[in-house]
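Chain lettering (A, B, C and D) follows the sequence in which the chains are written, and residue indices restart at 1 in each chain.
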């Protein structure tokens, strides 16, 4: 199958279950909401060595926030529910509570399972905290130096999807990168998903285990390394000199699929793209197989 | 003492020793270097609940980088040398190696004590990595999807300073915040320092321990909470309704002092600022006392 | 009337008829579309001394653009249809044609009255230009250094509205400014409007004519100058030390009214705001009177 | 000659004399200074159809500004001294006076020839303006809605240089563009120069006159149009599919030359670049010939 002259490989992305919390950060303006969101979602690309996977989902218009201020949605993800709860406390407590004019509201109000993160953070108020209602939300007002920090009493947690992905193969590095940026921008309009890597883009792929250094759980995937073509059995097609991966987490397979679709459609519009493919482990590791041909 | 009509309290900031690593990230352009730097320094405001304190120091012009590309300097800080080493591996490995076109060079080449972080990360190459020299730097080229990731073999670690600080007290929240932003911008020109909180600004202050919830190590400092004036013994001056703190880490007391000076000079130029002070524990906790009157 | 504790004066904004062209700029990604849009709408605050009034309306998602790429909408406005046509040619020809990866599509496809701007610009192709269709749009492909510049054959022009406005009166300058920023962010979600001044905000107001320098058509409105309180007959309320105006142009009175509503709702949420009012000339100059009380 | 494997053609850039004014805009912080600067330098790529050529030169640290606030330098250029004076009045009066917290200082204090732009703008104060000194600068304080607008009494004008340039030829469009961005970033560190086109980059080249449409003064330079290769006598080398030009204006030939050097050094570091050349008219039109081989 070809799209805009670019080959779309007949394969699938293999995605995993993961627990997701979703926070709505509001502030005076979008810029200040993003300051808090950027700090709160940093050091959050992959749970291989990061304490969580996290990212900014998109803007919340004033009319869709409980306090009528501009906001942004973020997602924080982890396969362990217990670690996710710890991360939610730490990232709200250290990166949103401390951020100028920011407030933290739950953005999964319909989730049945809930962390009482706000109720735990309110002890920081040392007895001076007060319970309030904003809209129909039960929140805590904790007196701090800038005024009162507002945090919702509890936050929903749902089982979402991690590791939705596709690979962009380009004639050269700048072409593959420009297409990756276009894909991330297109995905930024899709609801309920994040692209947790730096700028939404992954420069490195990994395989499970190692050939040489057996003590490692994950090493570079040499079959996808353009500089090793000719040296190893390679999956890098002729004419391809650089590959970027877009990794997508989200609330549902549907949202992640829609993000993959939007991203691929955008990527193939950039000149110099040779092929789109996706990463999987033959269906052995993840519960969700998202076929590229079904998306397009 | 008054500066531009603003009272400067005769007090001191109490700062602590901390271990600091400093990384120079280069990329195609400043924007891409910042993408990597932002991810690598996120979730890094305070070691109370973050795994490290981290921030972006500033730009590195092409002529000052080993590979002649635009770059940015970041600092990663922790009081435990061992934890710092783990953080350096994790943040370079997960947030710079994965970032498009980014490379990681040591930015403390004169430090005697060194972590062999690059030598550890190179095993990700699974035997395909190669040792090279760029300028006089010993680096590893690790084949990945975008091409080769370049990381320096080892990174210096020095004893630096954490917790340099000053407080900006304003008539209202927007005034204190505008002054805090001006201060952070002025500090961004000072070499060898970072302001690790969100946007460089701290909205909340804490005291050691608690009055009511004895199980907590740190709780809100009610004496600096404007919304509790009248309810508690308060250090919030008359006419003050919001306070922001600027926290500064850096390579030396001199650098941190210069940042405090530059930040205070900028803050007092914004209308609506009543007073500048600084935070200390009576000299009981930190080794460094930086007196405001000595700076100005 | 009070909103969030802020007085809303019972008055109206007086707005004018103006001709508007609306261009959809697409590019590889939003950042590059904004590069073109920023240059094309610069030096465009007020026709008092600028050649046009212009601004960025907002993003166009890939699925709403003719070529499926990310885009931004801009508006260019002038009371003279002839000048507007010249401005459209100059701003597309000098600021979009020259911008990397940018294309210019008409964003008023239903307008009956049309400028054949693309048909004029295509002569730059010196005979090498070709007519194409993208979607159902008739466009020209003009060979240039980066490849082919795509411009639609003709652009709609409609009679829109200029000078919708409201004034934000604050305790001090940073408070009024923070509220103005919040207002501009809220307005950025409203379709079909622009805020043409720098950052969407006006720091200076003017009156028609002059008291002292009779040779001038417009001079400062001393009744709204906080630093002249006590010296002149003043409309600056007690407790107010700074005022910003938000000026809104748009395709219809309805769109401009909605933007005023969204902006005022956001502004009153920022601490330190005393009063909201609006500017008019007693109904003598503009055809449209937009009453604040009708909006809220 | 080859640089990093990229052919550098043995040719020269032909540059012209132009009059230049240079304004230092200060504000609360860099972001607000850039808001004013962006509006004031917009619609300013080329005097072919723009009223001036204009751009942002770079940041001014607080310690180098008369009022100790963060700032940015801009340049406004025109071959006609009279038009330049009009443009300076219009762009300061409409885009800096109206911008939040912005002030306009002269940034050519040693220039002998001067425009009394501030002295003209002060009449906007309608008799309420006051003369002050800030540092050793004679300025006017004009009462406006946000407070007092500060503008220096007079602004230097010097004969500078326009049209310094080089061309980046890439395997494909994204590669040429990535190199152009790298070049613009490297040039941003060079003092006394601007890159007036959108994002500093030119996507289209022109020749004087026309082959077919004789009524036009400038048309596309078909010899540099990759999509016409094979159809016309072409200067597009084999393997090149996209070209971007970087155009540089500045205060002196030395500054423009240094910018060209820095830009070329950065461009050749991006993968996929085939050749660097420069544009000239055989020395017939401009007074300055800047040879690439002399720069490197």
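Just so we're on the same page, a residue touches a chain if its C-beta (ideal position, glycine included) is under 8 Å from a C-beta of that chain, and two chains touch if they have at least 3 such contacts.
Just so you know, these numbers come straight off a predicted model, no measurement behind them.
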Study note, to complete from the structure: Top of the farthest list for subunit A, CA-centroid basis, is D
Practice item. Starting from the mean Cα coordinates of subunit B and subunit C, work out the distance between those two points in Å. Key: 39
Review point. Measuring from the mean C-alpha position of subunit C to the mean C-alpha position of subunit D, what distance in angstrom results?
Key: 25
Review point. Roughly how many whole angstrom separate the Cα centroids of subunit A and subunit C?
Key: 34
Practice item. Name the residues of subunit B that each touch 2 or more other chains. Key: 28, 147, 173-174, 177-178, 241-242, 270-271
Review point. Are the chains arranged, by touching, as a line, ring, star, complete graph, or other?
Key: complete
**Study point:** Parts of subunit B lying in touch with subunit C, wherever the complex brings them together
**Key:** 170-175, 177-179, 241-242, 270-272
Exercise for review: Mind listing the subunit B positions that touch subunit D in their complex?
Suggested key: 28-31, 61-63, 67-70, 147, 178, 181-182, 184-186, 188-189, 262, 265-266, 269-271
Review point. What residues of subunit A sit close enough to touch subunit B in their complex?
Key: 28, 32, 35-36, 38-46, 48-51, 54, 89-91, 93-102, 123-128, 142-149, 167, 173-174, 176-177, 180, 197-199, 201-206, 210-213, 216, 218-222, 224-228, 231-232, 241-245
